[in-house]
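Following this line, the structures themselves.
Here chain A shows up in two complexes: once beside chain B, once beside chain C.
Moving on to the complex of A and B:
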């Protein structure tokens, strides 16, 4: 990012900050917040799918065991009013609030928590086994106490209790048959949710809108402020932008708008635009490289490709300023794990050419060194344009690239099941800890055919594997941080993928809305403190 | 309805069964050719799924069975009108379709009504003034409208009528949370329907104008028109009572054929206007490899198209009494 740009952003952030403090003194009770996102959710629980549309709406209805504050995601009391972790980090004791009821009036108890972790998270959530694999036993000595017994420490466990990651579901809403026959995802509650959250489902008019209404029995005194949260389904990107511009819609979270529209709307006086509030997700994009065959198996070739791409230009031109150049596998906004000593990747086409010559790939007929096929994520126009841009840049250093377009089903199959590709853009999240978000793509035990977003590159580095194993069983602290620093340096040097951009989630909302940004997963928070003028 | 017509209808309905089943079987095999399945998509969406997780999904959806067995299960269920459960939404496919079908039918019928009505009037007007400035103007206009992409036209209409003039809504089918019932609900839907129906209909206006004009010119060359003129009938009466009715047959044929086409066109219009119809559902189902839902929609739409064509066949009899169903 150029310094002028940075200054501009900093000024904007400062101005936005003052504006919010000036107006945000008196939260007002009542009113409706309407947001838009596409596609429409397919279910109202992240147990069915953690896709963004479902995560956005279900986290207002369901809650996790505890809550989180700030970009660093500091755990604070929620449904569990207190907790204790034993010194050896093998026992977690949670005390539950006694006054919580489900949306259907039944009391919320320790049995529900046990069920939600044991049966739901471990059995059905894609990350459940990662979080709770070491949980050997869950004890419920009374209705309001839950004790987790672990076989080995899990440093990131305390951040696993987010509403989208480990939603608490009522045991009484499932029949024994549904559980025994693994029909949880087809249970009625997936469409007609019963949670403990500040909002409950009022109406779902498929294809049009979902209305959530205030939960009058919510356990937080005086909350939520809003009467209603409405999701308006508007399939067309330009039409979504028009709705936000006209004030028909108050909020376009995350990737709800096409980047050019974000830039345009961000400049309008009645709208606020912010990239804050997604630090706990850590979105990152890279070029995934198939290391099985020459020339990409040669590190120098990958380094040359990395040097041929102007990341700042990519951010500015293709992504309309949404994001910043990546400096490694961990996003720079992650306050707990990013190695701040990492420099930006150099852009140096001449050095790239020298590296390719050295690697034994001189320019041949038509000035071409070799040819490659590029795939890209089927997430929209920007991804196509980025692929075009990269093709152009690589042509400049003598690499001829053919672009190949696939839809999501085809892309997943080709990259993760067939392993039949040269390189492809890819987009993933760091989540709350590198053991969850980073290890997965680079550890050699995850070279597994058919596992999506795994180590499709065939990258195996025993030393790195060892570091991952160490970090996975060690409490957060300077020692663990040192391991993550080394991991980042190794991956930067080896380049099993070519790190491109930390894509920014730009949320755009009407200035009448307040209190949206509360932590590192603000759009997946329950919005109980959001209010409108 | 005469007995002959009744027999004709029944026979045609019986013919529908093998046709629709063959379409369903063809669809099933065609969709199986596409790489990836719903388990891949859900596992992909979940970001951090393991191989075991993906296989668990396949087992839940019955996608782990051999292809012939899946085919057999699907066709057997189809015979008793069981369309199965949507992989992604976990709801019976028939419920999802029935929730969306009315919206699409309202949009399609209104659009085709606008298209046929305006198309006939303009077509007749152009034919009566063949070679004049008015004829050229109508023909050129029709060509221009025909060439405008529906999604662009839709956006332009939104800009004009909802942003600039602020008299029509920019999208949706009802006012959210208004809870209208009865007449108020009908008016609310109609108010939301104007822009999408006009957008979808305008493209076809061009088609019908051109067709009606050509058809009218053909009829104008026939002897009975000369007879009518000799009798001293007014040009207006000749055009509307004698020529137009005869010229309508090809228009009716095209209506039937184009219903399937219209269903395709409605995807774009439903997308731009957020109209909660089948078009958008089919698009999302395809991207998400929601096989049961996709097959269900294709099944229902093939039934709709086949039945619509039957209705058109019956209309022939009304338009031209010389046509008798045997």
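Moving on to the complex of A and C:
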């Protein structure tokens, strides 16, 4: 264990390049890590929403059943000190650590695990049904044993127990009424979390900061190293960059700064800029399209919009080269599932115009074919610039676009609860397997009101649903790969969303911080072995 | 005719005001004809981002490769338009309130002035931010919001003028011959009460342009239109690497607002000669 962690640390140091001194230094206990990300989280649990700001902070408070190491995300013991998978892959037996308590002092038991999977993950998490749809029964023979009985094998299930994916929540924090009336997302614990993680909430001053303090009763001996983790809310991108530059903030994770500033800061001697540690995420950005009404319900219109956007230019100018044009729903960096035969999307405004004419939307008054409203993610200035670029491009082919800006809460409400929008920029994570990261956005059973990053488009394709079901129950291999290839081709043709860019995440931190990069979801890890000089 | 000649004579004596008028004239010309002579869409990505002025494009490009000169010319339209319309609306509402309150006095005066004071007690920029944020930013809401925070000062001024005039002999003479109130207010007192109002209104245009810039800097502008404040807001992210992106529209705001203030001074000299003594 210890040697493995040390290896991870050494690897991180090597990757970081300038932090080689970390090899010689012993981790130091104490100190504070301050990070910044915009916007502020709307809740402190990924059950409420899996949006990045929430996932970043809640994964320090809540834990999953097991932990993962390295870019390949090898499962290692965590809250479950051991587990067994039966040969037919239908029974998972987890042995829980006996010495774990919640932040409020109550003991952590198998009942909590059962509740977290059965009620919380299945009912509320945007990927819960993907993971646990085949779980027929959860048995808890004693306080520290959990047995999952599956109706069919789920090959990727062992990857599901990450803190952001299947967070463990205390059963005793929910009243029976809240569960019966499905008011879990409104429960108090969403704002005042009680987890088992290395850090617990000390103070949340809305619009300003969140302070997490060390959990003195944490089950890992001597961990965490840090006394505090602080999120500072700084809405202005340039101000975030200056805070990092001056050392007021130690870390800007996951492209939290405007690209021009990242370029500048990356060259400074006291800062480390790295793209490592996100291998398990595979972020992909697209325009999410509401398919409920004409003209966007027409496939040809969506194809025309796709052809009006120059993705190369978008990456170069708006994102300063941080990423590459998407070629479909699966990121090209996924070696096992990406269909390498896919060509880049064509950029051809003239063909787009011809397609719109054919679809029955000729240019009318003022050369306008029809008008659409565009929303965009409120994650910073680049998203506004991108929305402005897309509006210009669509104007060029006769589609008048009005941009409408919303805050995070308003955006989630409008896209996933009200379903009242035309199209919006959005990005999601592929994760390591398309069943986890891709299926949830396109399978028709995930047209669920209120579930963030689900199928908000109302896209229903029975054949595709069928392919998803087949792939979900199959181990990786040529047969499964063929199914994924077909899925990618169908989605490219149908365009229920307009695929834009595979974003590259860049993290920037002060060189006094060590041990950040531990696995393929480093920023969503619990940071219990992070330390500062 | 003679009145105009006197006005011009007095106005001309203030050299600074003449310079201001000339500068504003150029800005207005640029706003009206600029986009026509320089037909580049300010939102079009025309080149590489961050090109310096006088290289490929006269004033360079912004963070998204958009022509800054085009932005300045189109932005002039929006900034001036909102400045003028908001001031006009504020003046009309303010004068109406002030005239009625000042002319009738008593309960009506109390009612109208308490309303005015209500607005005066709230910091005007904060109120404008709140209004625009609630009603979604667009040209209309921004104009209305600026007008709403600007009219009370005009109302107070107009009321003072009307109180000063309402008991003068010429007004009493009008009442004696049975002239209706609206005619006295509009045709008799108004021409005499208007000069100081015009001065205040001209200065208000400058404030309105500044308010609009402040709002769009904060991202509270019509997302579909360019204005100078918006350009500064965009350039903010690149302040450390490309200062001129923010400096150019900033300079335009300074020049225009200064010009309008100088004109206001000149108007004051020309219309209120007694005040100078």
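Throughout what follows, the second predicted complex is superposed on the first by the 306 of 533 C-alpha atoms of A that agree within 3 Å, B and C clash if a C-alpha of one lies under 4 Å from a C-alpha of the other, contacts with A are read in each partner's own complex, and residues count from 1 in each chain.
One rule holds in what follows: a contact is a pair of C-beta atoms (placed from the backbone, for glycine too) under 8 Å apart; a residue touches a chain by one contact, two chains touch by 3 or more.
Keep in mind it's a predicted model, so treat the numbers as computed, not measured.
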*chain C versus chain B, contacts on chain A by residue*: B
*What is the contact status of A:49 with respect to chain B (first) and chain C (second): first, second, both, or neither?*
first
*asked:* After the superposition on A, what does A:414 contact: first (chain B), second (chain C), both or neither?
replied: first
*Between chain B (first) and chain C (second), which, if any, makes contact with A:403: first, second, both or neither?*
second
*asked:* Between chain B and chain C, whom does A:313 touch in the aligned arrangement: first, second, both, or neither?
replied: second
*State whether A:39 touches chain B only (first), chain C only (second), both chains, or neither.*
first
*Regarding the shared-chain residue A:130, is it in contact with chain B (first), chain C (second), both, or neither?*
first
*Touching A:238, do we find chain B (first), chain C (second), both, or neither?*
both
*Would you check which partner chain A:391 touches, where first means chain B only, second means chain C only, and both and neither mean what they say?*
second
*Touch check for A:381: first (chain B), second (chain C), both, or neither?*
second
*For chain A, give the residues common to its interface with chain B and its interface with chain C.*
236, 238, 242
*Taking the complex as given, what residues does chain B use to touch chain A?*
34-37, 40-51, 53-56, 59-60, 85-86, 88-91, 96, 99-100, 103, 151, 155, 158-159, 162-163, 170-174, 176-177, 270-277, 280-281, 284, 287-289
_Complex interface listing, chain A residues touching chain C_ = 236-238, 241-242, 258, 260-261, 264, 313, 317-318, 381, 384-385, 387-389, 391-392, 402-405
*Hey, which residues of chain C end up touching chain A in the complex?*
41, 43-45, 48-50, 63-65, 136-137, 219, 223-224, 234, 236-241
*asked:* Under the stated contact criterion, what part of chain A meets chain B in this complex?
replied: 32, 34, 39-40, 42-43, 48-51, 125-127, 129-130, 182-183, 185-187, 190-191, 205-209, 211, 228, 230, 232-236, 238-239, 242-243, 245-246, 248, 406-414, 417, 428-429, 436, 440, 448-453
